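You will see two complexes here that share chain A, one where it goes with chain B and one where it goes with chain C.
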Partner chain A sequence: MRSSGVVPKTAATLALGIVAAAMLLPIALTVANSLMSELEIGRNYDLLDRMVDTAHGGADAFAHLKVLPDWLTFEQFAQVLIRSPHFLSMFWNSAALVVPIVAGQTVVASLAAYAFAKLRFIGRDKLFMVYLMTMLMPFQVTLVPNYMVIDRLGLMNHASAIILPGIFGAFGVFMLRQFMAHIPRGYAEAAKMDGAGHLTIFARIVLPLAKPGLSALTVLLFVDYWNMIEQPLIFLQDAVKQPLSLYLAQINQHERGVGFAASALYMAPMVLLFLYAESDFVEGIQLSGIKG
Partner chain B sequence: MDEEKYRSRKRKMRWIAGSFVVLLAVLTLGGNTLRALSMPKIVTALPTAGPLEHTYEGSATIRPGAERELTNPGGWKVAQVLVKQGDAVRKGQTLVRYDDSEAAQALADQQSTLKKLTLSLEQLQYNVIQAIKEDDAAAKLTATAALETAKLEIDDQKRHIQTLQADIAANGELRAPFDGVVADVSAEKGAVSSGGPDIRLSDIARGYRIRLPIPGDLASTLSLGDKLDQISLIDDDGVWLSGTVTDIEESGDGLENGDAGDDEVTSAGDAMPMYNLTITLNKGVAAIKGGERVKVSIRTSKGGDLLLVPSKAVHQDARGAFVYTVGAKQGPLGNAYYVVENPVNIVDSNDYAIAVSGLFDQAEIIVDSTDFILPGMRVRY
Partner chain C sequence: MFLAPSLIGFSIFYLIPFLIGLYESFTDGNLGGVFVCLHNYRELLASGSFRKAALNTLLFTGIGVPLLIASSLGLALLLHRPVYLRGWLRTSIVMPLVVPVASVVMIWQIFFDWNGTLNEWLHHFSHGRVDWMQSEWSMSVVVLMYLWKNIGYNMILFLAGLQTIPKDYYETAEIEGAGRMRQLIHITLVYLTPTMVFVVLISIVNSFKVFRETYLLAGDYPYDRLYMMQHYMNNMFFSLDIQKLTAAAALMVVCIVAMAAGLLRAERQYRESTE
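Right, the complex of A and B next:
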């Protein structure tokens, strides 16, 4: 019985390993290419070179997916971090947008989730359904009303146009509500017996227990808003205020090295945050029942 | 154990994340400085408003205001030259004596002929008297006609003699027609004039002048009647002369060679049209005789309110003249300075400054840079 299970397990590990490697390959290539010179990248990927190769007998009509650079250089990083002032300013623009959104939505969503999970009031489930519906609507559907509201409020071309809708997003409420629903009711009731109010129960009992969920929410929100494209594109016309997610669009064909370096730096905060909160994140995802 | 590993990993991640953020913060704050190190450093200047000065230095020779060429009146050989170049002479003074011996000989011949005619007249008068006495009508008529003919010949001879005497008096000497200075002596003793003047005489009453070539841009700032006082004798620095512009004429291309010795240019434009400037020196400097070399400094200014920029700052290409100015852009991380191309019109220029129009008077002009610059390039001060 045991011997028969070894082979399928090995096969499964191998298959999953291949899938994992395939998923990691773009990241590995991004990092590797960011350490190559523009010339080397050009040799590896340039369509014109490939056509020349094809004309000379078609020796190699495909791009060279090299993971190891011929000559290690930090030139592209120097270009991005030192010679191009836009990158860093856009990085801080991103941080200025994402940090308030993540912090704000975590606070608002945890309070709302507590209410939905632990309080009983009329229309609770119906209201939650409305929340779910707003969450299910893609951004494009609510774009026009959002635009009109933001315009009327005079927030156009201002960071608040992105931060305020972000803070009051429905996703955090939904996720934390699912997570808090799994916290046994007995903890809250025991506290209530000891005379604790809702604020005490929330702060002392529910929040510490919901830490994995909060971690998972933080990571997911951070990734979501760090990568946002449409909102800043529509609400922030002033290029000086735009976040890093729009930087790559400004890179032209002859700056692919810069693009790779920028991409590597772009994903660094997300990777670091994920690695920091990895165990909480996994636990939070498992308990809240959300699957990526 | 796992818990400790977990905490250690979290600490490590915190440290890496913190370092990453700190690195980006440092690069952000120090970014301008780091970038500035690789940018060309520029030197700027503001345009100045005021007149554009033209300075010019040249040298020339002092010439009399007018000259007369005196030719040999009779075409006789030169007997004696009484003056030399540079001599001051008075009106009526004899300058050259000519050999009038041939004319004198002719005069003596004529006088001798007159005497003969006078002697023969008595004989003819006697013949008339004899004919009257003899009452010979034919002889009387013949004798009377001969007498009258002789009288007419005597009158003719006297006129010839007077003419010869007048010629000798007029052509025997060359005299100064006015007070002046002998500019040139061509006459040589014993030689017959070749057709040119024997003497060139300067009219000192008409003053002295100098003539020198000047570049077109300087000529455009001068006008007839302008006073110039920066004229000094090369051999004698202490003597300063002044004069008035009396003529400005275009000399075609380059320098004019008509006035030998007049043109020695020490500073002039490259391909500018040249003009000949004539300055009549003011009277009152007794020391001048003509022929002295003088150094002329001309300093003029044009326009009262021109916008002047250093010559180095003005560039030219096929589209025209332009200057590079500094444009400041409100960058995300502070001000960024860029090279901006400003087309300008050149109004006037001298060796070190150019007057332009079409430029904002507060525009910072790039005069120099440590590296080659182009429009749009970022630069540092």
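Right, the complex of A and C next:
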């Protein structure tokens, strides 16, 4: 806009810089702490968890959140990756839940989104409204009936109890429909003139044009399900089947060092995926927010 | 044909369960289910823990959502101006969106513990300690986590909205002598209405997801102030009180649908008034 002077520009940059730094702080601290030795972690944080409070230390005893490790070491990572087999198996559990959900929902949702965006049928907008409303509901709302359905299907305590509902989630349909509605009608009509059927139009024209929407959806779904807590808490009582997110929630005092390394490893795939697909991701979100 | 796979799965896992739930909420707990009218709802409304949970959820959404929207709009307006390092700044602010809560929860714990960093700072300024997680402050901690996580998403949406406002609107306003504040209220905010509707909806959806943060930070039975609808419903589920749970769910659905319908209507009115 107008004010392109150096002073306001610097001021705005500084203000945003402070916010950006605050946003990155918890992430940076987690990574920094994962590079500390168990000894150092123990020394820094032994005062956490209120029990210690009155025993020793007194009024000015605090845990010390440190930014830079005294000794840079990969000891914790070695501990996690080599000496704790349950970590890797939970990492695998997470992946085995998330990958099918993301792949499945993307496929199913792109088909449905095409129908909502480009086909005409009776009750289309009303049905889309139902999807939209379902998307808004918190998981707990359909908890009991969902539990009954899954029980009836014999899926309890089985990974598909989480994967199947995940595949048919409404979010993907909503997001891709918004995105596809922006694709000019002319493209599809031109193809139709040339005798292309809907399947061809969908596969050759709409899907390639919807690529940013698809990558934004992939990243968002990945994050959401990689992070899930509620579903496995209820549908997977077996500890060996649980994903990493629940393991990290249960880490206690003595495993804090290992916990940091596990956390760093846990967020790494998300952060890398985001950095890799960032521009598509941002564009995808933006177009889904503007009504077509 | 394109819709079939989605519609079948959607019906089995969402639509039908929802209808069953609605039906259950009007029956008593026995097999076969006798129709009991609004009995379950009356019991529910009389229950203390339900009221507590509903109040806390309303409070959280009532504080968290406006705060989130105001701050992300502020950031978007700043980032829409000429700034250095725009790409880097945007990436950093959006980053928390993709970071799993579970992996930064330990840092939050260290921060807000009784012997934690925040209290150390307070002590430094010769101020007494605050028991962040076991006092009325606990809700502010969760609000903060909610802001941290969701600010980037909303900011991206607002940035997109800002780009759709033609520059000459501002130029005309300037010539007519409208100040910054007037431009913000009469141009920016007005033309952001459709984006705003979407942002409000998404923010509310995400405010329900804050259960994860709360669960990770405080467990099944957090401090009273943090006891939200989701805790209530989870606990009803584990204590097998299906009637109360489905009634609570139905009430929640009614509230959400009413609110969403209101917002969508506001958007339609806006669209009709501009066309």
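The rule is simple: the second predicted complex is superposed on the first by the 266 of 292 C-alpha atoms of A that agree within 3 Å, B and C clash if a C-alpha of one lies under 4 Å from a C-alpha of the other, contacts with A are read in each partner's own complex, and residues count from 1 in each chain.
The working rule: a residue touches a chain if its C-beta (ideal position, glycine included) is under 8 Å from a C-beta of that chain, and two chains touch if they have at least 3 such contacts.
Here the structure is a predicted model, which means the values were calculated and not measured.
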item: Three-chain arrangement built on chain A, chain B and chain C clash or fit; value: fit
item: Partner chain(s) touched by A:V130 [first = chain B, second = chain C, both, neither]; value: second
item: First, second, both or neither for A:W92, with chain B first and chain C second; value: first
item: Chain A: partner with more touched residues, chain B or chain C; value: C
item: Partner chain(s) touched by A:L81 [first = chain B, second = chain C, both, neither]; value: first
item: Chain B versus chain C as contact partner of A:L273, first or second or both or neither; value: both
item: CA minimum distance (chain B, chain C), superposed complexes, angstrom; value: 14
item: Residues of chain A that lie at the interface with chain B and also at the interface with chain C; value: 273, 275
item: Chain A residues within the chain C interface of the complex; value: 1-4, 8-10, 12-13, 15-17, 19-21, 23-24, 26-27, 29-30, 33, 45, 47-50, 52-53, 57, 59-65, 108-109, 111-112, 114-116, 119, 130-149, 164-165, 167-168, 170, 173, 198, 202, 219, 223, 226-230, 233-234, 244-245, 248-249, 251, 256, 259-260, 262-264, 266-267, 270-271, 273-275, 278, 282, 285-287, 289-291
item: Residues of chain B defined as touching chain A within the complex; value: 6, 10, 13-14, 16-17, 20, 24, 27-28, 31-32, 34-35, 38, 331-333, 336
item: Residue ranges of chain A in contact with chain B within the complex; value: 81-83, 85-86, 88-89, 91-92, 240, 268-269, 272-273, 275-276, 279
item: Residues of chain C defined as touching chain A within the complex; value: 1-3, 5-7, 9-10, 12-21, 24, 75, 78-85, 88-111, 113-117, 119-120, 123, 148, 151-153, 156-157, 159-161, 164, 167, 170, 174, 194-195, 198-199, 201, 204-205, 208-209, 211-212, 215-216, 229-230, 233-234, 237, 242, 245-246, 249, 252-253, 256-257, 260, 267
